[in-house]
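What follows is a short report on a single structure.
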């Protein structure tokens, strides 16, 4: 990443937007769509839809299961997709597991841990949890990186602990020494908050967790689509992300894991394609990544995701990052001019991802969102699957604008102008 | 299903084939593709690809998560897809859970059972397994309906038992009384064998399993695409099938369950969209089907699957069944004329699905498949993810031709003609 | 936008009968899981049949303008009425709200509830307007009103 | 089709050195999980270095024509050779087989192995032709041949 990466010029954004048919849509009485909900799911460029379709129309077959020409072509395309996506995060191919979404990826690791409970086979002790052991998460997590660990704790008798949120929307690391100990078997943390845009110091946190022997699982859903991520330097043992948030199709996610760990980690979903030998009595497993990909794989979606990665590579992830950063600054300074709006999360100028959440006193986020929607502006409202975070912030719900490569400065201005209708409609004092 | 349903006429098949761009492909030195591997995955008609693309280009959004127009449209489309697919199997909408494939559907039930292990909450005893309890499967199962139960047995201490295969490729039910008892908590069986085409008497078996209080899980992967399935009369408690085998996209599967059971069954994957309340300490669950659909759903694929169902409805599932039946008879009688070929599974005239597997003495199935592939004929060779079945049959591998609506009598003849090269190449006595 | 009718905004700013009062026969707590909003609602009802009289409805509503206003209108409409009348109003509200803009609502039947007609065009907000109402019917059951009679009655005339 | 060369068919019908013989220094059992085929293979080797002499290779191969013929050619090519020569042949075979039809194979180096050149155009059959060879190298290690030397040597000149 060159630090000098520039936001896209107007002409460049216009070209980018040309790749997304949906962006020409009119919504609600003819307003042009202003889509500021890419944190929930991004749109998909034509290249991605074309890649999926081409696969179905030319090479469709069950991969890793056939010896005929189509099956060979499909398998080649699927494995090439794996290589492309792996390369994007600096990983070797065989460390990349395709799942259906990040939620499955995180559940995969959590269930693999309970499958490592001591039985007949000796299992790698790093995956074995029991009473007295601890799982450390944070109060900032998306439910997908919280509930699976609550459930792992329930299944194994381990204890769930968490790093609390600080007032400024960062993690309160003051008590970290007391939270990390030899008992900590797993540390799960998000790289970028899906609500606040906070960028967590994952590398530093991972080093501290590794020092006590914990496995480090990073939720990279909101980082991989928005900033360069390199697993070689990140410090994590596993990362999880979803294709649909990074210009890729729905129905495909990724789990990356260090090969040394994937080798010894027990499987999760079992069935076809992930076995080595099967008798009625027992089965043994194929090597990773196949061990974790049971059933006929979602090859079309993996191939679509690879096309998304090529698309990102073409426009440049560093430029996407710079572009979203500039838009976020524009939004933050616009909001700062409106005293009735309170932005949550890191102050302007601090590192942040492309999500900005705010509240308006006495107006519920859903009502704010409805007014914006009425002007064609799509944002997300509610707890954004991060309910404990909202409780810690003392707000029931927030309004979130989240950015992607195709957003423009003019769209930020449309959002701000639509927002200005809110005080009048709901009788909020504009000076408050 | 009218018993008088006719196979497709030549003109009708030609029209059907027109919906599948891939069927015009040339393979291996210009041979027209003869695709007889639909049991592994079927091709997808244009209407399915168009439906997915239209969703992405017009309504793409994260379903059940947003309040803006696109999110509402996407949610409506997704729920309409659920209703369409549910209607196809005679189920009410809320009993239909979207998964990524049948493998996930089956794992879902198996893991839900281990999540029902007695902890703080009282769980429904039907899902609670422990030492002394039994899981009954059959020797005919696909690995996807075997290994998850082996693993459930391992996790809970329950015992796995199985109904053996009879010599004619049906289930040997002679000892069923000894296998079913009050200890049997789960009975898992396939409706149609993916190797032999055997149609199992599921309704009768389910009644016997219910009589001892077992949950009945039916693998409907090879039935739903090929014959009318109505869950109201089938007798099962759960059925699992995959979209990609029934003209739908990859990356989507279905679990159907009786609502009374889905209500009390513990969840499997946890995270966003499947919760009711989340605190750092604990979470509660949304009602089904959401309880079982964690994460941003594979809406595009579900919508594609609904388009596949509409496509099937248009051509008629009863006619597909009749068509495949006629093709299977043509294939079986062609094979019967070749003494060096041995067909496995039910004799001609007995009820069977659209899969025909055979062996040629002294020629390995992969070599047979290669000769066929060389003539453009795509079949599957190997153990077809049913290794124990092959062991029971005493063959290491078989060659399987499996049928779909788009296959023609001429394609069967091409297969037979290509097969006739095998004895010469491998020096097999043709009279043997 | 036709969603935020003056009447809805007024009720949401100054909800009628708000606050939790004693005495009460039953209290329920309902959550809208899609947004996390909550309502605590109490009822006092004389009798257990459809002819029972609803003496009081008091509530604490944490939510959007629609859900707060809906609880307020609910209280206005049902206090002092029979269970049967209240359930009629609920059935009328639900019919209108789930009609996707097709049913405008009958003022005779649902009173100020007609102000919520615009909600039916926004499927994700329908739950907001129904939150108080489902809490209310749940509370009636817990207060001893015959559940079967209640269900039979409220499912009449409802767009499925 | 250029896959089933006469030489491959001959070897598959009458595999050379087939059957499991005594004595042996190591026996391994390898499975091709994609098809379930199996090979049991024994080696007898004098010495532990690259200069060790392979005295015998005996095997029982359950599989397709390609895998049976490959094991047969393997035995022909390596019996009586040094470990170093055998590994050279393996490296050459692997280079050719994984080349997707680009490398035709060097008869000097891999002998009758050149008959398998056509396999490289059928990616799903490459494992068939390599099954015996990976079993063989595994058996060498179990027979005490220095594993590091072996890996270093066989990864030379291999198309990645």
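The first chain written gets the first letter, and so on, giving A, B, C and D; residue counts start at 1 in each chain.
Convention: a contact is a pair of C-beta atoms (placed from the backbone, for glycine too) under 8 Å apart; a residue touches a chain by one contact, two chains touch by 3 or more.
Bear in mind that the values here come from a model prediction, so they are computed numbers and not experimental data.
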item	value
Intersection of the contact lists for subunit C and subunit D	A, B
Distance-maximising chain from subunit D - centres being C-alpha averages	C
Centroid spacing, where centroids are CA-atom means, of subunit B and subunit C in whole angstrom	45
Chain centre separation (subunit A, subunit B; CA means) in Å	31
Whole-Å gap separating subunit B and subunit D, where each centre is the average of the chain's CA atoms	38
Residues of subunit A touching at least two other chains	66-67, 71, 275, 277, 366, 370, 381-382, 387
Subunit D residues counted as touching two or more neighbouring chains	34, 36, 122, 125
Touching residues on subunit C, where the partner in the complex is subunit B	31, 33-34, 36, 122-125
Interface residues, subunit C side, partner subunit A - complex	1, 3-4, 9, 13, 34-37, 62-66, 122, 125, 128
Contact set on subunit A toward subunit C in their complex	363-367, 370-371, 374, 381-383, 387, 390, 396-397, 425-427
Sites on subunit B touched by subunit A in the complex	21-22, 25, 27-28, 33, 35, 37, 40-41, 43-44, 49, 52-53, 56-62, 65-71, 100-104, 106-107, 111, 114-115, 117, 119-120, 139, 142-148, 150-151, 154-155, 160, 162, 242, 244, 249-253, 269-273, 275, 277-283, 294-301, 366, 369-370, 372-373, 377-382, 385, 387-388, 391
Residue numbers on subunit A that touch subunit D, as the complex places them	64, 66-67, 71-72, 75-76, 275-277, 286
